[in-house]
Structures are given as C-alpha cells and as structure tokens.
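Chain nomenclature is as follows: A, B, C and D, assigned in order of appearance, with residue numbering initiated at 1 for each chain independently.
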C-alpha cells in the first residue's frame, strides 16, 4: 500500500500514457459499434499494420537518434502519416472484405463477428509471414530490412530521444509522456468536433441513431459506414505511432492483447461514446498500474476485468453511457 | 527441384514436388535413385518436435534450423547414408503434442527425436515416447522435473533450471557484488521455475519480486517497483521478447541496475528488441563458448540467412549425437537409445555425456555479456 | 379454455375493481410521465384509455405490467398491490399484454409463440424435460390444447407452423393477442391493436375485442382511433400530459370540454390513419 | 432423425430451391413445408421403421470404427488419427454446450474456455496435485463444480445486457486462466502432471486396417486393446468422448422440445417480450449458462484425463474464440450444424498440416469466406432456412429475377 502512495505520480503518469493508447484504439471500436452495433474484432490488426508502417518509414529513412530537431519532427510526422494512411487503408479493406456483404444481407451480428475474427487471423498471419510473402514475389533480399525476423519483435528506432522535462513527486516526467497524453486528448477533441460539426460527422450520428430514418433523410449509409471505418483506422494509426514512441517494439501478434484491452476500455467508457473511449482508456490504464502496484503485476489483467464487471453492474452502459449508439428499448 | 520434366510424367513430378515440400529431406531423391546400396541407412529419419507455428514459433524455428543444418551437413558428407528429417509442429501446444507423438512412434522410420522443445509439451509427449521406445534429446526444455518421470528415452543437452539458477545467483553475488537483487519472472514454466531458484539462492539479498505475463508490453508498474526498491541488479526469468521490452523500459525510466538473464534471452532478438538498452546485460547459459562456434555460425548464417539464435547450437549438438549413432550402424530405436545413453563426445556447446536420468553430466554455466550490440563470452561461473 | 368461466354480459355499471391504479406518479429525470393518476378497471368491462401522443398511455401500461416502478402511488390487482413483483410474476397473476410495435418471437413458429404464453403457468424444469416426466407430458399436452384453442379463436389455426415473422401484418397482430390470451389472464391489455388497420379490419377488431370480453376477460384498450374506442369501450379514461382529465362512459367523454380541448378539434381519426399508412 | 449427414444434404441444396419453386406455387406456406423435408431426408423418413433404425445403427457403428478403419481421405497423414478424432470429439462436445448458451439462449459467451478449464482443473487438482480421488468420483465432481461455477459467474454477469456480455464473459475466461497461472495450489505455470486416466478393462483386441492405395489390409501388428486407456493409443478416448456426445445429443433434444427450450428461444428473440409473457428470463438465462457449463466442464474433464497433463496454456482466450467460431460457422441453434462447425474448426487444421506455416492464414481466410458466403451457417437451423427461403422468394419477386 505504501508502495502505491510513494510512487503515486509515476504510476499515474505511466498509467495515463498506457490509457491514452488504449483510448485511441478504443475509438475505432466505439465508432464502428455506434454505427453498426458490431464488435469490430479485427480493429486490433488495423492498429498493428499502422505500427509496422511507422517502423518501416523510420527504417527507410534511417534517422539516428539525436538528429537535429527539424529532422526528428519531420520523420515523426512522416511516420504518423504513414501509420494513419496504412491503418485507414486496412480499415477500409476490412469494411469491404469482411463487412460490406454481411451488412447488405443484414446478416446476424454474430456472423459479422466471425467474419471479423477470420479477417483478424488472416491479417496477423500475413504480417507474420511477410518474409515468406516477400520471398514468394521474389523480393526477399530487396525487402530484407522490412521483412526479416517476421515472427519476432521489430524495433522502432525512435528519432526523438527521451528527455526528462520536470520532476513531480519523485518522478521525472519525460517529453514522450507529455507528447502521448497531450496528443491523445487533442485527437479525441478533434474527433469529437468532427462528429459534432461536419456533414460526415452528422451523418455518422444520424446513422447511429436510426439507420433507416437516416437513409430516408438522404444520408448515404454505405458512405457513412466507410467514413466510420476510415476515421477509426486513422485514430488507430495515430495510436500506433504513440505506442511505438513509448514501448519501442511491435510484432505480428501484438494487436490481439491490445485489442482486447482497448475494447474493454471502450465498453468501460460506454461503447458508442467518443469521449467515453478515452475516459475508459485512462481509467483502465490507471487501474492496471494501481492494481499491479497493490497486488503484483501478475494480477493486472484480473484487476482490469474485475473493474469492468463491477462498473457494468453499477452502470450498465458504461461510465458515460452510450451516446452514438441508440438507446435500445 | 528440377522443372525440366518430360511431358508424360507431369503428375509424377507434381507428386514428387509436393512430397519434397512436405518433408524437406533427401528422402525422395534416395528413393528415386533406387537406393538399396545404402544398406543400413535405408529409410532412416530423425524428427524435430516442437513449435513451428503459433506464438512460440520463433524459438521452435531456431531449434529446427539447428537440426536441419546438422542433417544437411551429414547427408552431404555421407552420400551413402541419407537421413531425412521429419517435422512435428506442435505449436508448443501440449494437446497437439499428444497426437504428434503418437504419430511419431507409429512411424518406424523415425528412430530419434530432437525435442520436444518446451516443458509443457514434454509433459504430454514424454510418456508416449517412452512407451514407443523412441529416444529423445531436448535442446531447450529445462524444467528439472522432466528427467524424474522415469521415461528412459528422455535426454537433454542443456543444464536444467536447477543448475543454471544457482549459477546466476552466484554471479550476481560474487561478480556483480550486488547487495540488492530484484527478481522478475514471466509466469512461464521456464521463467518462474528459474526465478524461484535464483530467489532461493540469493536469499536475503532479494529486495523485491514481481511477475509479468508473456505477451505483455507495458511494464511500468514493474519498473516503478524496481526503481523504488533501489535494487542494483535485476534478474529476469523469461524469454527474450519480454526481456527486451523490460530492459528498454527500465533504462528509459532511468534504472541503472545490472540486468541479469538466462539462456532464454541468448538470442539476437533480444538485442533487436532492446537496442542500446541491451548493453551490459549479463546472460547466463549452460553452454560453452566453443572454438567451433565460428564455423557453425558461418554455416548457419549461410543456410538460413540469419545468425544462430537461442538453442540453435544445442539443437545442432543433439542432432549430431543421433547422426553419429546412425553412421555407426544404430539404425533402430533400441540401439540408438543405447548409443545415446553411452555417448561421450565433444559438441559445440559442451562435452556431451548423459547421466542415467538423461541429464547432461558436464554442465558448465557461462556468463555472457552484451557489448556493442553483440553477445560475447564473459567468464565461466563456478558452481558448487 | 374450459377453466375460464364464461361470464355474464357486460358490466357497464358497477363491477368489482379488478385493477386499481391508485394515485400513481412516475418521473423520468425532470419529466413527470404520470402525475397522480387514478382509475379502476372493473371486472368484465372494456376500458378505453385514450389521450394524445405522449400523454402517458403506454407508460401507464408499463407500470401495470411491472416494466416501470411507480415513483409514488400503487397499482392493485384483484385487491393485492403489485408491489415490486417481477414482470413475469405479474403475468402469472393474470395481467397479459400486447405491444404497440409488434414484438413476436420472429424465428419461432406461430404455435411456439403461443406455447410460450401457455407455459407461463407451467412448472416443467430441466429434470422433467430430460426424463420426460409425467408433469412434462401433462403440461405439453395441456399447453398445446390451450394454444390450439386460442389460435382457433383468433382464426390462426391454419398458420400454426408458420414462422411468426412470415405472417401477414394482421395475423401478427392477432398472434400477439393469442400469445397473451394463452397466459390465461384475467385482464388483457391491448396497446394500440388497430394501428395500421383499414376500416374493415378495424370493424373486425372491434368484434374480436367484444368476443374476448364475452369469454370472461376484462380488457384494457389503449387506442388512438377515437371511433374504435368509442365504439367498443364500456368506459373511457382520458390522459393528457400525464394527468387524467376525464373518465366516464363514451357519451360523457365525447362531450367533455376538457377532452375536446385536449384534442382541439383536430380530426384525430384521419390524422391517425395517414400516419399509420406511411 | 439422428444422422448428421441427412441435414447436411438438406442444407446443401437449400440455395437452389427457392429459385426453382418461386414460379410453381401460389401457396407459399405449403410449398415451404414441402421444401423443408427434402429429398434424402424425406426418403429416409419414408423408410419403414426397422430400415431406418438399421441405417442409423450402421452409421453409428461406422463412427465408432473410424480410428480403426483409418480411411485414407479422412485420416490425417501427419498426426495420429485417433488423437485428432478425440480432439474433434471434444470440440464437438464443447460446441454442443456452447450452442445451448449461444444458439438457443442467444448469449454471446466469449469466455467459454473458462468452463472447459474448470472441468479440466477439477480432475487434475483433485486427482493428482492435491488429492488422489478415483476417476469415477472425479468426473461427476468436475461437472458439479463447473456447473456451480457457471451459476456463480452467471449470476452477476447475466445482468449485463447484450454485447456487454461478450466482453464480461471474455474477462471471466481470462480471470480463470490467470488465476490458475498465478496460483501455486493450482499448479501455476508448470501445470499438473499425472492426471488420472479412465480405469481400463482389457476385454479383447481390435486390429487396425492398413491401406495400400485403394485396398485395405488388416494389420495384425497394429491393434487397439479394448478397453484400455493407455498412453499412446488414442482410440479408446475417442470412443469414450463419442459415447458422451450421444448422451448429450439425446439430452439436448429433450430440452429443446420442452418448455425449457422454448423459454430459451423466446429470451433470445425478445427478452422483454418473453418476460412479459411469463418467462422468468433471468432464471432461464442462468439455466442456459449452467447447462452450457455442465457440458463444457465435462468436455474439459475428459480432455484432462486423456492428456494426463494440463497447464494454463491449454486454456487461452483464443480457444474461446475458436469455440464461438465453431458454433457460428456451423449454424448456431442447430445441433447438427454446430457439430459440423466443430469438425471444421478442429479437424481441418489437423488434416491439412501440409500447409505448415500457412495453416492459420488459410484458416482465417476460410472463416472469412464461410461467414460471408454462408452467413446462416453450414447447417442452419431449419427455421432459419425456411425463413430465408421466404425472404429470397420475396426478393426474387421484387427484383423480378431469381437469385441463387
């Protein structure tokens, strides 16, 4: 117990950093759930592909740590752009391959879940077999820096060196900590505004409220669904870069656990609720850290899931309730 | 594989091509060249048993490649005695291991197995191999209990956790002269077992412990605990994936304690994951740094386009024990088992002899150090 | 349905109160959906409950069937308060209902839908079902008899093996009534049963409601359609903004100034029909 | 009707039927009724009783003989066929249990592996690690403990509605695995060895067949001892599991055609309406959970006593997802469908080991394709097929074209 109090600031900041990543990935789950009432199981792979895109950009540019600040910023922005583009693209592909036909057929939700699970396996495996795929198309040697040790951890060479900024309660808050938390909040605010103010955003809300009525009012439902996947994918791409800045490695199957956690965060905050996703992420990140500190890291997931159960029992629609999604009678 | 096949035999060619893909051995060539003269070596195979797919695939592939290299070199040197390699991909799953082990004992051509790779699958496959009289040499399963089950076919070429753990503790106490040790494990059978032994051996010097989960990427709570304990060394029992992440996050948080790990981390993947943070890490391993290693290293790199990784060298040794036996005419399970039990020879990792439980008799634990991005030998650790 | 006594002819006058809504208020956040509402449904009568949209009719239904708990006041059925009884327990007491927007079990057959209603009073458990106990066999037989009888009464006997969602709209409405009647209720609550019906169908429905009453059931009817309510009800209660503004026989209600003001000359019937046809 | 292959045929022709019948009839009801009992099924139903029973009997005997026959196309070339058959059988059992929860009651349980684990751990902990109870005692104990745990988990969980249930059950599944992993008393990461095997009675020996191309030879060197539950010979375990499957199938049928089955379905269709029609929905959901747990625990207990060793690795979250995939791919709500689904999920990856590293990729794509082109499942519930036929008829009428 005293350990928790003595290191409260450190546990809090690192918990928030982790929570920010959860929150950004959770946005993808929450948006798709809000619009389609479907659990987009493969969203974790959208994130995973984004993380590789960011890694590959840094590999291609080969920037060493400690470069001049404008170079560092440029590389990071390029990596961000690549991650968002790839994640957005994979999300759109997912919508096309795993969902569109089922949505048109109005198939049971469970079937869409299985479709997404299949897509998730396939996407993760493709990344895990990327060396084989490269060999197959005869580019194994050319692509070596991008495809080697395909089943292993791949390191992200962060061009930005971690530096302490200021010290609070015995913990030196680093530039990376600040960047991650601030960007996550900014992205969330931007998304919130997007959904409130833009035409597409209004469309997303309309479809989430009542898909049929929205269609009658001239909203192109299919376009809105695509936009939703795209936006969720872009957020996952941003999350991927932030994740790499903090944790430094990615892996073909890294998405699965993160996806489970992010989905938990989305439910915790109130699935379908954009602000809830980030709040859920923060709560989950903090709970994991505090829980680990109190009873040991081996119990962190147990703490996280128990917290989820308890919150759902007292607030059946999550902390902030469902807002994108319709209140079902 | 030749593609200049005469018309009229395309089907046969396809069949050959397919089966060649399946076993990746020289089996078919031998059959088609109308063998027979090979006499004692006809239709002999050794097996690799362990993960080739799934989450543990990378460790398994390291081992398979070691075995593959040994078999390929053997076949090249002994044109009249071709041995094929059967792969049993358990995905590290004890459940799948049951069926595969049963399959292996049912295939009379398979007379020896390198594996099973992990302790869990050993637990289900071990009794089956014992029943089928099929000798096994594991290159990687380090659970001390495995040799105590009375399976007379069981062997391994590396020291178990009970020999390595105290050595790591000795090193921490005598060489690093650490007074405050923090022990972390990954809750795997391997890591937790090892950490427990280190914890016992280090006694009062242990200032804290924590357990992480394999697959976890955020270790902030653990890092915080290490830091606030004021430890000057951290022992981690587990594999290189988590080790890389842990040490990187420790260094990022400004923890300077010496990072001590065991053979599960002796892999280029550790340095790949940790980058500069890996510098100075101490890796204990019950394996010699042999002169032959250079030759092995080069051959391996040429064959697989990557440096040998965790347990590749052990697998190479294990396979060679069996291959030597086959060359001596031990081409059935019973005689090969006897050969292995009586074996004594120089491997690239150690001098190999087995005691009656199948444990290696000469275990010397060495400490390695990460310097300039390379894992280099540091010194032998005296254990008593 | 031999258990249900065929009651004598309508008690337009002073039957005993079967259901009493006593000073019930219910509040959602700041909104008072029901504000001190009281009325009785008397044994054997057809009571119409009317009011403009949002007047609290369906809320009233939901309080009676246990979906909502009243913030204050209470509902009594056959003399005993409903209290905090669960919804299924209230059904077993003898209150059954239909839904404004049809809520059948779409992927079950018509017969199975009605059997679920008949099961309300059954006690078969897993052990009975697994070993085909005498209780299971008796209840299955009795349930099927009840279901078939009710379906015949509603003219659905030939549709028994159809999936509910494949029935026509009118049939689905009747199937909802059949399912509710199979629970052997004393009080049957119909929530806008005529929504989407044309005049001919409405006439048939009026006839049906009377026949249901003739089987000894008490009927509580929520309707938009004034002509239907006025035509079939023995008495009518009017809600507006969560308050009861009138109660009496149709003739009184028709001339009640408060009611006229509430509907303010709009030709409710026409408007409804148009909405329904959309 | 208890032959799995009959509904398969029926399902496989479903796609073509509506188109061919649209033009022929103005009485859709009767037509659909006719379509529903199709071709082979009808022929079998029409057979005289003794012939029908003989046919069913023959099929059952064939199922039992599978590990001895080792039919070339069916047999797995790269792993022991008996062991695969056992794995398939335990998946089938699990799928039948999950079908009660998911198919009948409509509760998405992503933590079903938890029950499997509780069953397995009960046998292992009380049979080897902490006590040495007899196998005959362990199996009922495992089932009872799993059922109780199902009720204990269900009681809070089932108050959570709809899709939230998925994540909460997933959480509980993980909690069970992590608890086993981190608790010394439960064997922790090392797992538990020496799990008791079923008691053996050696009665007689059965030879296996060996195939040379298309000709079968009786192989007198390869014999299975009946009924010895040994280490290497997997056939007896398969027979045990198959027998349990038949019992569970019978029970499943009894429940389905009763008040209990109707209550589950009504709850799945519309929980509020069911409650208002006098169905105590919470009680029935809990009952579905308990029944599902019962079967899952039984399967886990068999698994542990076949395996002789268990560790937490065997109960990964991924397995829960495979179980759900088995049920949905096969056709949730149809017991023959989920059996097919379990066979697809458990058997195909073992049969096609030749794909090696590409195996999981192919499996993922197969799931994707099945879900998209067979959304109603391989063998959908009869009612779904019927409803779908009507929908397609309507579509076809609206579009003026026949869609196949």
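Going forward, a residue touches a chain if its C-beta (ideal position, glycine included) is under 8 Å from a C-beta of that chain, and two chains touch if they have at least 3 such contacts.
Just so we're clear, the structure is a prediction, and the values are computed from it rather than from any experiment.
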Farthest-lying chain, centroid of Cα atoms versus that of chain D: C
Core chain by centroid distance, with centroids computed from Cα atoms only: D
For chain B paired with chain D, centre-to-centre distance based on mean C-alpha positions, whole Å: 37
Distance from the mean Cα position of chain C to that of chain A, given in whole angstrom: 49
Between chain C and chain D, centroid-to-centroid distance (C-alpha), Å: 42
Approximate Å spacing (C-alpha centroids) for the pair chain A, chain D: 34
Multi-chain contact residues (two or more partners), chain A: 298, 301
Set of chain C residues in contact with two or more other chains: none
Residues of chain B engaged with two or more neighbouring chains: 57, 187, 211, 213
Interchain contacts (touch definition) - all pairs: A-B, A-D, B-D, C-D
For the chain C and chain D complex, residues of the former touching the latter: 65, 67, 86-88, 91-92, 96-97, 99, 103-109, 112, 115-117, 119-122, 124-126, 128-132, 136, 139-140, 143, 159, 161-163, 165-166, 179-180, 183
Contacting residues of chain B [partner chain A, same complex]: 55, 57-58, 61, 187, 210-213, 215-225, 227-228, 241, 244-245, 248-249, 252, 254, 269, 272-275, 305-306
Interfacial residue positions of chain A with respect to chain D in the complex: 33, 37, 39, 97-98, 101-102, 105, 107-115, 117-126, 129, 132, 256, 260, 263-264, 267, 271, 298-299, 301-302, 304-306, 308-309, 312-313, 316, 328-329
Residues of chain B defined as touching chain D within the complex: 18, 21-22, 52-54, 57, 88-89, 92-96, 98-103, 105-106, 119-120, 123-124, 127-128, 130-132, 143, 145, 149, 187-189, 191-193, 211, 213
Interface residues, chain D side, partner chain B - complex: 76, 78-80, 82-84, 87, 178, 181-182, 188-191, 193, 222, 230-234, 303, 306-311, 313-314, 350, 353-354, 356-357, 359-360
